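Down below is the structure, laid out as structure tokens.
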Amino acid sequence: MSEPTVQDVADWWATAVSRVEPDVIELRGRPIQELIGTTSFVGVIWLLLRGALPTDGQQRLLEAALVSSVDHGPHAPSIAIARMAVTCGIGLNGAIASGVNTLGDVHGGAGEQCMELLAEVHRRGPDLDAATAAVVAEWRDRVRYLPGFGHRFHRVDPRRDPLLGLVRESVSAGVVDGAYLRAAEAVERNLAAGRTRPVPINVDGLTAVVYGELGFAPPLARGLFVLSRSVGILAHAWEEAGQGRRNKGPMPPSVLPKFLTT
Amino acid sequence: MSEPTVQDVADWWATAVSRVEPDVIELRGRPIQELIGTTSFVGVIWLLLRGALPTDGQQRLLEAALVSSVDHGPHAPSIAIARMAVTCGIGLNGAIASGVNTLGDVHGGAGEQCMELLAEVHRRGPDLDAATAAVVAEWRDRVRYLPGFGHRFHRVDPRRDPLLGLVRESVSAGVVDGAYLRAAEAVERNLAAGRTRPVPINVDGLTAVVYGELGFAPPLARGLFVLSRSVGILAHAWEEAGQGRRNKGPMPPSVLPKFLTT
Amino acid sequence: MSEPTVQDVADWWATAVSRVEPDVIELRGRPIQELIGTTSFVGVIWLLLRGALPTDGQQRLLEAALVSSVDHGPHAPSIAIARMAVTCGIGLNGAIASGVNTLGDVHGGAGEQCMELLAEVHRRGPDLDAATAAVVAEWRDRVRYLPGFGHRFHRVDPRRDPLLGLVRESVSAGVVDGAYLRAAEAVERNLAAGRTRPVPINVDGLTAVVYGELGFAPPLARGLFVLSRSVGILAHAWEEAGQGRRNKGPMPPSVLPKFLTT
Amino acid sequence: MSEPTVQDVADWWATAVSRVEPDVIELRGRPIQELIGTTSFVGVIWLLLRGALPTDGQQRLLEAALVSSVDHGPHAPSIAIARMAVTCGIGLNGAIASGVNTLGDVHGGAGEQCMELLAEVHRRGPDLDAATAAVVAEWRDRVRYLPGFGHRFHRVDPRRDPLLGLVRESVSAGVVDGAYLRAAEAVERNLAAGRTRPVPINVDGLTAVVYGELGFAPPLARGLFVLSRSVGILAHAWEEAGQGRRNKGPMPPSVLPKFLTT
């Protein structure tokens, strides 16, 4: 074996995302000074993940998807955890990390799974209703909840109509081609047929449609959800920090005696 | 002591950030369906942290600051950690969490500290140069590095000029009042006086100026840095995931024999 | 729906692990004051996970497995990450968390997977060699690496012989019944047959044998590995903290110029 | 500047904790095969942190301290967080990390702070009561809670008497010299003088005494607490995983309607 060199170490950490040299920072080949003040934060998110800047139409869809998932209240475990964590004497970075970490297969993974579901429906087409019937039946054999459809709180997720509307507009305008949209509509039809209570698409399904239409790989549905939900996690952690509690647990001190004698 | 009630539990988790009821999601009192498609991601970041939407001028500054910190290459520990983590069989959520978690006092805290430094200079004014001389001397007694000034790689941080330019424009346009800008310029003058090698403001100092001008509390300099750097962390983790390494350590396998016989 | 009560909240957080009331702490029904000074740390690990105290023979095996995985040097990502994290200005708790978090399916999951492999061989018996041939062939179709066998550094893992010796003694003494041991030996035979370079069992496989013999469920192989590796992570983070580096990256500053011009 | 070499990289990751070469694993210079089966888990914890094995008397004290902090019920944020995290679809490694991460200055830092308090009392001696009066008065000016004394649940922490008894025995037997013990007793006297309700030493104070007597540096009080509490965190996360909830929040679903209409 030939003698290892420093170049081996450099190669081990090589990246196409950014280049940093003395007095130089480039993101995907673009000097950062050309991005600051000209490019939106969401534009740079797209740039780093995709290698080029988005069109206006692409950026508008990505903004909408990122806006839609920022927060779902303190009964969401990611939010509750960050609120508790910040009362334990760690910085906002640590509180956000403890919360973001929990966006796993169950809490943050439905978008990724729904992208796979919709891609499968699309591949089985062109008869989408028949394809959907087959795919839904197969998924139901494997999983308890169909990812991206139905919600434990909402009969109709309030984020459904505005996001669907934007995607439909984007299809009409030729920004995206509509394959994920049509698959999602076919699944909604399937889940409504013959039921008194339909199972409409939820926010995970809607963002899966957006990310799929925009050409993101399924695991990035989770990655982008992390960027979005981090905003709500930060806002809640910061509110909690201002209230001065120490070692906040899930129950208020007044309830503990009841708990303790259980 | 009176009997505890369910209301005590509800109060324990009360929040002004968001309201979630069946078929209703409000962020700071605004129905989410009115935000999706009309409000940018950065506008919603501002909304959740501040309680109202930003003006265009405020949003432009916040976009620029968030863009400026997204990435500093894989030799930054937060980035390297996320790249290693994703090869260990955890999701992007976990890789981001392991990286974000390290944005502590040393890696992610300089912005917060610099905001405090600049606020102190401002309070000691109105003679900013005299105030700066005193404040800098006092800080140097306490800390080894003055937060927000100088850089181990860059003689002049490439993010300096565009960010300073934007803040100066914003002062001229009356968007912000310029107190943090003037304090930062005074510190730069102080650190350049009589030196062959000046110590210009760096990205932490520049974002501290922006966040201070925009009225954010110092700990949010770190919180906003987390949102920004999460983008680079995600992009690097995703690139690494595509390369298929398993259990990536800091050194390539070819170097390990050299290491092992040390 | 009947009105919710505080009791619902108490029930939501009910646990059989511990009971804490004013002046009372019980672990699995045992007052803590009876455990302190009489029971070893490993005895209490067993107590909390299993509900009763171990026998001496059981404890001896668990001690040995926990000792065997504490550290594998700073090229292990979990260790390297903790060393880098502690230089970023977070506490030892945060550095350990960033490291432990990465003990996922690839880095910390082989023990759990190997327990499932060995349990499958055992179920297919009683002809273990035939069962092994079938099971190994099936696993090889699905996975690239057979969990628990072979090592990228070690031809024979130095932890193999002492752990196997202890398990064999424990089988002779009737402490455990030997089903996992026999399955592991059958897999080793299978992987050695007709090869110039055998693929002996590694530390993940060996601890899988111990945890399986002791009756732990497979996911606890990962849980116990976390407890064990946390020790090495702490020791490395503490050593690094004493060296005073700031924002330690994967490469020393002297190598960065080489990296930067790549 | 001379050309960087691979040796620079090796040196950057050099460690005295462990040595790993093909077929060799040494912990602090001891081959791991000599430790497995002969040395307890706590003995190896000591070895990795201190560089040599403990005496029996030292090990007995360390076992007792590690046993005493394993769990304090699901209203402790570290425990509640891990229980919630494991229902979100991440592994036990991730759930433990999210919990351990919160053992910060407020939740896990009291032991470290109490070691500093007691060391200060000791240094001011030899008149311990006078020294204590001065030190307590100074700390009260700076902090709201004196670290290591008093408890929000327990009038007398049930871990107090057995741990104090063990330390007193160890002083009598010459295992440790008693400086931290005498300082702690002096603080307890000070906090009881003239009060109807004394403020006895709590578990953080007691473990601070043990770790101080054993010669650990103050930050390791937190590090060792992490190792100890990880056990309870794992046991709770594992119990929760067996109950099959998904996305567990702080309140049961039955209470949410009450919360939502607040």
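Letters are used for the chains, namely A, B, C and D, taken in the order the chains are written, and counting of residues starts over at 1 for each.
The definition used in the following text is that a contact is a pair of C-beta atoms (placed from the backbone, for glycine too) under 8 Å apart; a residue touches a chain by one contact, two chains touch by 3 or more.
Since the structure is predicted, the reported quantities are computational estimates derived from the model, not experimental observations.
K.L.:
Both subunit B and subunit D are touched by which chains?
P.N.:
Output, common partners of subunit B and subunit D: A, C.
K.L.:
In terms of CA centroid distance, which chain is the most far removed from subunit C?
P.N.:
B
K.L.:
CA centre of subunit A versus CA centre of subunit D: separation in Å?
P.N.:
37
K.L.:
Roughly how far is subunit A from subunit C, going centre to centre by Cα mean, in whole Å?
P.N.:
Each chain reduced to its C-alpha mean, subunit A and subunit C end up 31 Å apart.
K.L.:
Roughly how far is subunit A from subunit B, going centre to centre by Cα mean, in whole Å?
P.N.:
For subunit A versus subunit B, the centre distance works out to 21 Å.
K.L.:
By the touch rule stated above, which residues of subunit B touch at least two different other chains?
P.N.:
4, 6, 8-9, 11, 13, 19-22, 74-75, 80, 90-91, 93-94, 97-98, 101-105, 108-109, 153, 250-251, 255, 258-259
K.L.:
Going by the touch rule set out above, what shape does the chain contact graph take here: line, ring, star, complete or other?
P.N.:
complete
K.L.:
Quick one: which bits of subunit C touch subunit B in the complex? Just the residue numbers, please.
P.N.:
3-6, 8-9, 74-78, 80-81, 84-85, 87-90, 94, 97-99, 101-109, 152-153, 246-251, 253, 256, 259
K.L.:
Under the definition above, what is the set of subunit A residues touching subunit C in their complex?
P.N.:
Where subunit A meets subunit C, its residues are 6-7, 9-11, 13-14, 19-22, 90-91, 93-94, 97-98, 101, 250-251, 255, 258-262.
K.L.:
Would you mind writing out the residues of subunit A in touch with subunit B in their complex?
P.N.:
Subunit A residues touching subunit B: 1, 4, 8-9, 11-13, 15-25, 27, 31-33, 35-37, 39-42, 44-45, 48-49, 60, 63-64, 66-68, 70-75, 80, 91-94, 96-98, 100-105, 108-109, 153-159, 161-163, 165-166, 219-220, 222-223, 226-228, 230-232, 234-239, 241, 251-252, 254-255, 257-258.
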